[in-house]
Amino acid sequence: MPKIITAQEAANLVKQGDKILIGGFLAVGAPESIIDALVQKGTKDLKLVVIASDYEDKGMGKLVVNKQVKAVQVSHLGTNKEIQRQMYADEIKVELIPQGSLLERVRAAGSGLGGVLTPVGIGTLAAEGKQVINVDGKDFLLEKALHGDVALIHAHKADKQGNLIYRKTARNSNPVMATAGKIVIAEVDEIVEIGQLDPERVVTPSIFVNYLVKK
Amino acid sequence: MIDREDKKYKRQIIGWRVAQEMRDGDYVNLGIGIPTMAANYIPEGVNVVFHSENGVMGVGPAPSEENQDADLINAGGGFITDVPGTCYFDSCLSFGIIRGGHLAMTVLGGLQVDAKGNLANWMIPGKMVPGMGGAMDLVVGAKKVVVTMEHTDKKGNPKILKECNLPLTAMGVVTMIVTDMAVIDVTPDGIILHEVAEGYTVEEVVKATEAELIIPGKVGVFSLPQ
Amino acid sequence: MPKIITAQEAANLVKQGDKILIGGFLAVGAPESIIDALVQKGTKDLKLVVIASDYEDKGMGKLVVNKQVKAVQVSHLGTNKEIQRQMYADEIKVELIPQGSLLERVRAAGSGLGGVLTPVGIGTLAAEGKQVINVDGKDFLLEKALHGDVALIHAHKADKQGNLIYRKTARNSNPVMATAGKIVIAEVDEIVEIGQLDPERVVTPSIFVNYLVKK
Amino acid sequence: MIDREDKKYKRQIIGWRVAQEMRDGDYVNLGIGIPTMAANYIPEGVNVVFHSENGVMGVGPAPSEENQDADLINAGGGFITDVPGTCYFDSCLSFGIIRGGHLAMTVLGGLQVDAKGNLANWMIPGKMVPGMGGAMDLVVGAKKVVVTMEHTDKKGNPKILKECNLPLTAMGVVTMIVTDMAVIDVTPDGIILHEVAEGYTVEEVVKATEAELIIPGKVGVFSLPQ
């Protein structure tokens, strides 16, 4: 059973230099209360894995603005001018990864695979430094598993066992990020008793969830 | 009278022409910008289901301000609505759908396309790089890849080239180009001028295109319905 | 929108020699009415992909008993003596694949990947003929994408657009098989109007489904 | 008085001993046969969630015949029940859970185990091969891999060997062996005799084991509570 903690306690579980998988897309479905607590605490040298870098005042963008981020693996930066500024000023290391490949890399980590072979990125800058493997006459990029020390996600409701359901497009990357953190902390809108969630509607089974934060 | 230089008109005619490519039952992903225009012109009786890569299929029109739902956006970050039959899924499955060849069509903007169907649409060296987002996956995965753009850049230089010189989004993936001047089919044999926009001649299109265009015996004309 | 057809019409869509992905586990969640129609029709030389070979009188086992099956890719045969007999009599070609690897191979096909790297099977007979790829010092087997000509699956309910929900452990391999057939036919207990399914409970989005058969 | 040769007793003491390894909050996968016995002996106050690889977590006891649900079985094909907190998922996610190292423990039967933690439990050349099913995934993925079996075969030959000679299920994966005679820890330094079953001596266990056992200064004793 996951421990129910505060956003501050969640922030305390993140160590300097940790690699953090953060759920959400353009700050929809982002674990805002935990991010706020991390900004408050000021933990430095974070390495983030996110599908997009959100906005300066929303989602993971707040950690960038507060200069807590050392490196990001991400597919899209277009909505956050500050991360672009830091990237060009060499204050932050950015690895751009096609969104589907980034998601598969996290899924591979969470599901015990060493990596996947994708046709995406062949012949582009996204192939740089990556092994090309030919399968039956077709070239694929080897995209390696991408693990996190901590995963910070948002869900709509949890039961006290840690089963999670999501709401509309706030689901996005949260389920996959939840599979690949050594520690997984889910911020939720509501915590209900065990047995209160429709077992057919659960998207993230409780086995993935270590801590719950009530938003 | 058509104003060929009118930005709004250009977006409309491109959007309208792309919409004519959609077939009943198609699942389609529209990129932001010009591609979004296509949704306004779906022919009557054609049912298209729109997919957005952030995890939704069955995308309705933008809501009025008071009906916005903070948890319901498209991949461009804009508010959307659901429709009967809408369903939600996680991003990983969404890109499985994209990469797995399940979308009938993806429509995106382009910086450059070349005669081999190579596409460059994600970065200009020396300028701010927004990242490729889901574009590389979309163009590799969708059955039909339609690039929409103005035929030439602001200075009148061709964007349909012999060979792209900007960093590629993907190799050999584009199947059709729709511009304010022409509809071009991209085939293994070369790029074929399929239609010319009302108000343009074949010669004007050829001149505005660096890549060698194959001109069939009959070239159609398309125009924006009034 | 998927076409609503009969089980017999579904069987007619399967051609001699086709590779068929069949959902279900130990015949729970198997598309029984379509299998029965295929037995009736007697289509030969089928190549099947299933996680288990079910029973002689249930699930895909009926096709084996009727000698319609030329080859099977499968993880478990223990509940079906006839397939074991045919295997030893060289009447059927069996490729045994660890269950998780088989599922990943089908998923890879359905999601446009060339394959995945798994640690499962290293140092065993399951590694025979497979490429070993070392990633950061650890050996993995390359398990290639496994496509089907047809996928026959079972779901609990479909709406007329083809969105599917499942019931309890009858879900099993059905969602993944649904992603990887050129033609996907879903047998369902019930067909409801569009808008009647909870959009958050849909497991298989309609894009994967070409035909519906009311059981 | 214990009947060391009684099949039922052997299954019970192995099942009981395995259950003592479970910790509150553990997610556990039990194989069919002897491992299933463990579910009957979970210590009071210890909450264990059982996972079955066919796509369910939160497995309750077998139902009475009139309460059987045709859509609710475990990986052995037996009818089960749900409990509060049960959830369902597809097989692909289920094996992601397995292979991804999320299960605290998997308990399986064994034909042979050796001093390096190699396991053979899926085929005997020349005999009917049922297939590996999910066994190869389970032993590679779970944090703790407990093999349960009778200590020797029907003829009294050791099953814990210097080196397995049957086809392997996986290399170097076993962490603990629980038999009717002993509990053995498998470590990188070798296999350690942790406990001996009531009614057996250390010497008897050593004699029934081909692999070299490390015997610590103190070896515990386990017995089936009455």
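To keep things simple, chains are lettered A, B, C and D as they appear, and every chain counts its residues starting from 1.
Quick note on the criterion: contacts are C-beta pairs under 8 Å (C-beta built on N, C-alpha and C of every residue); 3 or more make two chains touch, one makes a residue touch a chain.
Every value quoted in this text rests on a predicted model; they were computed, and no experiment measured them.
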**OP:** From chain A, count the fewest steps through touching chains until chain C is reached.
**Re:** 1
Subject >> Touching chain A and also chain D, the following chains >> reply: C
**OP:** Round to the nearest whole Å and give the separation of the Cα centres of chain C and chain D.
**Re:** 29
Subject >> Between chain D and chain B, distance of the C-alpha-averaged centres to the nearest whole Å >> reply: 56
Subject >> Distance between chain centroids, defined by C-alpha means - chain B, chain C (Å) >> reply: 35
**OP:** Please list all residues of chain D that touch 2 or more other chains.
**Re:** 82, 88-89, 95-96, 98-99, 140-141
Subject >> Multi-partner residues of chain A (at least 2 other chains) >> reply: 104, 107, 112-113, 118-119, 166-168, 200
Subject >> Those chain pairs that satisfy the touch definition >> reply: A-B, A-C, A-D, B-C, C-D
**OP:** Please name which positions on chain C make contact with chain B in the complex.
**Re:** 1, 107, 109-113, 159, 161, 163, 179-180, 194-195, 197, 199-200, 202, 205-208
Original post:
What residues on chain C touch chain A, complex-wise?
Top reply: 104, 108, 112-119, 133, 135-136, 138, 140, 142, 144-145, 165-168, 198, 200-201
Subject >> List of chain D residues in touch with chain C within their complex >> reply: 52-56, 69-75, 77, 82, 88-92, 95-96, 98-99, 118, 123, 128-137, 140-141, 167-171
Original post:
Given the complex with chain A, which residues does chain D contribute to the contact?
Top reply: 25, 27, 47, 49, 51, 57-58, 82, 84-89, 93, 95-103, 140-141
Original post:
Which residues, counting only chain C, touch chain D once they are in their complex?
Top reply: 25-26, 28-29, 51-52, 74-79, 84, 87-88, 96, 98-101, 103-104, 106-107, 118-126, 166-176, 203
